[in-house]
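Each of the next two complexes has chain A plus one other chain: chain B in the first, chain C in the second.
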Partner chain A sequence: MTNAETITDTEGQASGAQACVHRFGMDQPLQLDSGVKLAPVEIAYQTYGTLNADKSNAVLVCHALTGDQHAANRHPVTGKDGWWNRMVGPGRPIDTDRFFVICQNVIGGCSGTTGPTAINPATDKPYGLEFPVITIGDMVRAQAMLVEALGIEQLFCVAGGSMGGMQVLEWCASYPERVFSAMPIATAARHSAQNIAFHEVGRQAIMADPNWQAGAYDGSDAYPSKGLAVARMAAHITYLSEAALHRKFGRNLQDRDAVTYGFDADFQIESYLRYQGSTFVDRFDANSYLYITRAMDYFDLAADHARRMGCDTGTLADAFRGTETRFCVASFTSDWLYPTSESRQVVHALNAVAANVSFVEIESDKGHDAFLLDEPELHDTILGFIGASARARGL
Partner chain B sequence: MTNAETITDTEGQASGAQACVHRFGMDQPLQLDSGVKLAPVEIAYQTYGTLNADKSNAVLVCHALTGDQHAANRHPVTGKDGWWNRMVGPGRPIDTDRFFVICQNVIGGCSGTTGPTAINPATDKPYGLEFPVITIGDMVRAQAMLVEALGIEQLFCVAGGSMGGMQVLEWCASYPERVFSAMPIATAARHSAQNIAFHEVGRQAIMADPNWQAGAYDGSDAYPSKGLAVARMAAHITYLSEAALHRKFGRNLQDRDAVTYGFDADFQIESYLRYQGSTFVDRFDANSYLYITRAMDYFDLAADHARRMGCDTGTLADAFRGTETRFCVASFTSDWLYPTSESRQVVHALNAVAANVSFVEIESDKGHDAFLLDEPELHDTILGFIGASARARGL
Partner chain C sequence: MAAAMPAPPRATRADLARIADLVTPGARVLDVGCGDGHLLEILRDERKVDGRGLELSQTGVNACVARGLSVIQGDADTDLEDYPDRAFDFVVLSQTIQATQNPREVLTQMLRIGERVIVSFPNFGHWKVRAHLALHGRMPVTPALGYEWWETPNIHLCTLRDFTALCDVLGARVETTVLLGMNGSADTKNGPPGWWGNATAEQAIFLLRSR
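== the complex of A and B ==
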């Protein structure tokens, strides 16, 4: 492709992992839902495993709000395991000995893909708030461009949890013929008022930080660390269940025998939240947080699909009508951010169009974050679904 | 009482309402759980109705985190009805034609009672963070001092929701013989890890605001409005149920036909939250918010009672052993901040000591704030309990 180049860097990566950047030039703009044509666009992604000869074994893994392309390799900033190391790798449910796994940093992100930290060619400065507001649809359109550039006509599977699950659903509605099987996990087809509310608190926390400077901080001076940390803290509570917080922390005190009658972190839960906030700012960009939360809030698959079809209204079932994709929908009993009722709405819509869908509600007290954690039933669900789908695909 | 004076101001108050301030001088310090002796202490309170000759018809109403003494009169700052206008007044369940109702601003508050905005006699400046950290026990001890100063030996009833309910429970544990009947509503005997977590987010939001100035803002210069607004927004979400947010706001847009692809308040829920944040800062003090949330987080009635008894550990039942108070405990099905399970723990403890207790879980989709809203079943519950208790008391 003209103006497209792929840079590969395997240094420091786990075996079989490749860090890549694909550049779409000024003549290959990304059409955004807002009407803006974004160019140039760089997409940072990781691959694991080997693409087979007929390019039929590709699995696209989609990351969540604060995730990135480092699904199954050591994170270059934090040094920690990839966020889906449990699920992706040799001998894992998404087996990199059998499948070619792609995970890309979303448009608007801050881990190499073009986002608000990128240089705006019109000004030669970082975009900041000049970056166009993006949607889940835009993220998926960028992914589709990359998948096409890699010569893959159909993905064997698209999988992801939380915002990753939204991308899975968007893929199935926008490019049904390009998805053989799909696993939307712990997700929803649209953001609820409560979801929007929590995000708005996070955005207001960032914007309240004077170092945010209306998004024009540029790394050389002050950074809105405090606001971003507060946003992260508020969000982090929503990722855990009340039961998990009780089990892990309860009212345990932090390295002391009694409360101090002060505002230090007397309780372990306070210390834990402060740590979550402070480490997050080292690896995430405040403007990216604004853009990605906004994309999630805007997500309403039924309405988005209807609008693209030129209709005033439409049902969620309309978005999936005619699909031949095999679906596996999973939710967790203690997830109060994207509760099972949201997954059921997706399943009902799929049933209404006679789609091939299995659904499992996994008993867990770990809350929304369960999709990232050690949950044997999720492990077995993915293993079983991928195995059956691979047989159906002749892999 | 020496050095105690009562100032009464009825101007601008609803009929039968009296705004009062009681001052305890330097020789009458308030003993705090932290060990500090606080003096002087002013207590701002409202009364409604008339104390009878034998002083047996007094009802103490306790306010929640962001409440104040204006339970049943027009609020002097906001101009709105009192926060429990539905329950307190002539002909209401807590009938001011029959009962003498007292509601006082808690210690640490910012509506007239001594708190971090008060002048520290040691420095002649506002306390700010020099104010001692207070507890629910301290709030109740201050209330007991006032009740004693008013010559009331036993309160006919102590009632309140949320933090008000914590004070009710504390009264029953610390001064059992001085409470004839008690109504703890939508509350808990101790703060959970999740409760503490949400409060910690609010405190960090305030402390992240450079205008907070380590608590030393003094009104003449910058005020941490943005941080306090973010704290309020985060807390406000927890007061409402997901269902109530969906019913009231859903994904409705705010005065527009389509999203703007920007960071304005596109959604009604965003606009609503921003409004809640911005109006709150006009009537509440940021340091008070820190102190009162801290008091709630510290609350653990079983542990607190054991410590005061000189024991290492104790059960919640121990805190109520021997009680002759009549209890009515109420919770709401959709309250996820203080869920029914918390009320059940209180009821189990009361049952374990053979207390006189009735319990009702009220079906409501309004969330935690239901105790402040139009809930006919709560209305009828309070009416019935107060009526039966009054008969038992011979009123």
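== the complex of A and C ==
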């Protein structure tokens, strides 16, 4: 750990939360799937709770596409609760009185971890599109570097939803001996054509914004906020269900009694999406959005694993062969972005290698975002699984 | 533990202990329709079994997960085909076959997945059932078959002889039969039940081996 430094800032955080940045110097490059060695690399992360003496109570929570390291503390930019505030905290299912919880901003991100907004040491300017293309495997490799730097040999649990769930699966395939238990939620072992299609719409919206300037907007007065907002609006629809949209908005009009026969936001749903888009722009980088959606599109655990093993083809089961990790897979009935059938494929693969796996399909009409929302069945499932895993681990 | 979920209440069912007796210690077991995981818990704690469950109900699945058991939410009628051949030493179906859509297919899949299969179910050939039907001309409601005909989940009721006839068709050998009487008595014998067993057992447990 020469040339590595950790900066700790505990001010202004939720109780017990620590904001940290770990720097891996030029002598500790991150090997990327694209072949590039990236250095230096900074990883921004939050921790909650206390690491026990034998370092056996660490839980890594992995964020989704537009999430960040602020899982259970107030977000410094938005002022809102962390994305998994319901799940992580004292007395919560992932109880920070018992467990040491780590949440890292992914590589390619824009909340402190090295990404396209970072300074390229070769040019002394922000990377922009010079930043190498990253994968879910790269994100997990970076996470593993930090976990190792923290002196943690085995994580008690790795948990996350959506893209976070992809990282959970990647951890289990790449570092099976370093994961005691795993909770991939509302996720898939590979990104479907439909999901790639939605992401492409978002990327094209960003690239069509003249302010994007081929990714070199950093340092200029202009920012592709319109394109990024449209990308967010389109994506946001995919995170909800028809039933949830109908319940929340229906065809209700926004601050008016009749339609205006124009293109104002007459309907509440339009106003809501515009708000989602505009607030997103304040906290997210357009290039990061391109890189992270690309990483998700490339994700195909069976193929990735086969390639790393030097094979032409491989089954998903091969990626989990010999695993001793305890799995709890969860999906939601109304999630059409990562439907239950995707989770079942993971479960079938785990069954085929006789893995220790539980699977729950949670009845919910809240769509893909249900893993972030108040969903008592999910809380009970996670509470039960974590508790039983802790007993098995002797915690 | 700060916010532990209380352990679910234990069910008490006469056949569970008897089923556990039939399972080799340390075996790999799949319990199809495992409910709240009571049998899997007995098998894990008392027989050191590596157990897995398949359960339809959310309540059951959550109870199992809370007990630290591995359980997959799914349907015996459709999901057994996902399991590889000979994945388990024992596949158990307790008090569930009469509620499946397609008992023949379920049993076929179980015989494929497991070296041995354990099935328990209420006996429709019990003398009281026969007497009730003969005397009253109406579908019987008994402690083992506690539903009116129009509300029962038991859509494929059979007698012990009906079941062994299906085993013959599927090429399964009945190794052991445990006949459970009204008062909790149990009579274990090698091979299929005879005429007397079919008339007097309220429930039965079959240990099958695929040929």
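As a working rule, the second predicted complex is superposed on the first by the 393 of 395 C-alpha atoms of A that agree within 3 Å, B and C clash if a C-alpha of one lies under 4 Å from a C-alpha of the other, contacts with A are read in each partner's own complex, and residues count from 1 in each chain.
Heads up, the rule we're going with is that a contact is a pair of C-beta atoms (placed from the backbone, for glycine too) under 8 Å apart; a residue touches a chain by one contact, two chains touch by 3 or more.
Only a predicted model underlies this, so the values are computations on that prediction, with no experimental measurement involved.
Novice: For A:D300, select first, second, both or neither according to whether it touches chain B, chain C, the two together, or no partner.
Specialist: A:D300: touches chain B, not chain C.
Novice: Which chain makes contact with more of the residues of chain A, chain B or else chain C?
Specialist: B
Novice: Now for A:F267: first (chain B), second (chain C), both, or neither, which partner does it touch?
Specialist: First partner only, chain B.
Novice: In the overlaid three-chain picture, which partner chain does A:Y175 touch, first (chain B) or second (chain C), both, or neither?
Specialist: neither
Novice: On the A-aligned overlay, A:N356 touches which partner chain: chain B = first, chain C = second, or both, or neither?
Specialist: In the superposed model, A:N356 contacts chain C only, not chain B.
Novice: Please identify the positions on chain A that touch both chain B and chain C, taking each partner from its own complex.
Specialist: The overlap between the chain B and chain C interfaces on chain A is empty, containing no residue.
Novice: Give the list of chain C residues in touch with chain A in this complex.
Specialist: That would be residues 1-5, 28, 58, 61-62, 64-74, 82-84, 87 of chain C.
Novice: Per the contact definition, I'd like the list of chain A residues that touch chain C in the complex.
Specialist: 90-93, 95, 97-98, 326, 328, 344, 347-348, 351-352, 354, 356-363, 377, 380-381, 383-385, 387-392
Novice: Give the list of chain B residues in touch with chain A in this complex.
Specialist: These residues of chain B touch chain A: 33-34, 129, 132-133, 190-194, 196-198, 200-201, 203-205, 207-210, 226-227, 229-230, 233-234, 237, 240, 242, 245-246, 248-251, 259, 261-263, 265, 267, 269-270, 273-274, 277, 290, 294, 297-298, 300, 336, 339.
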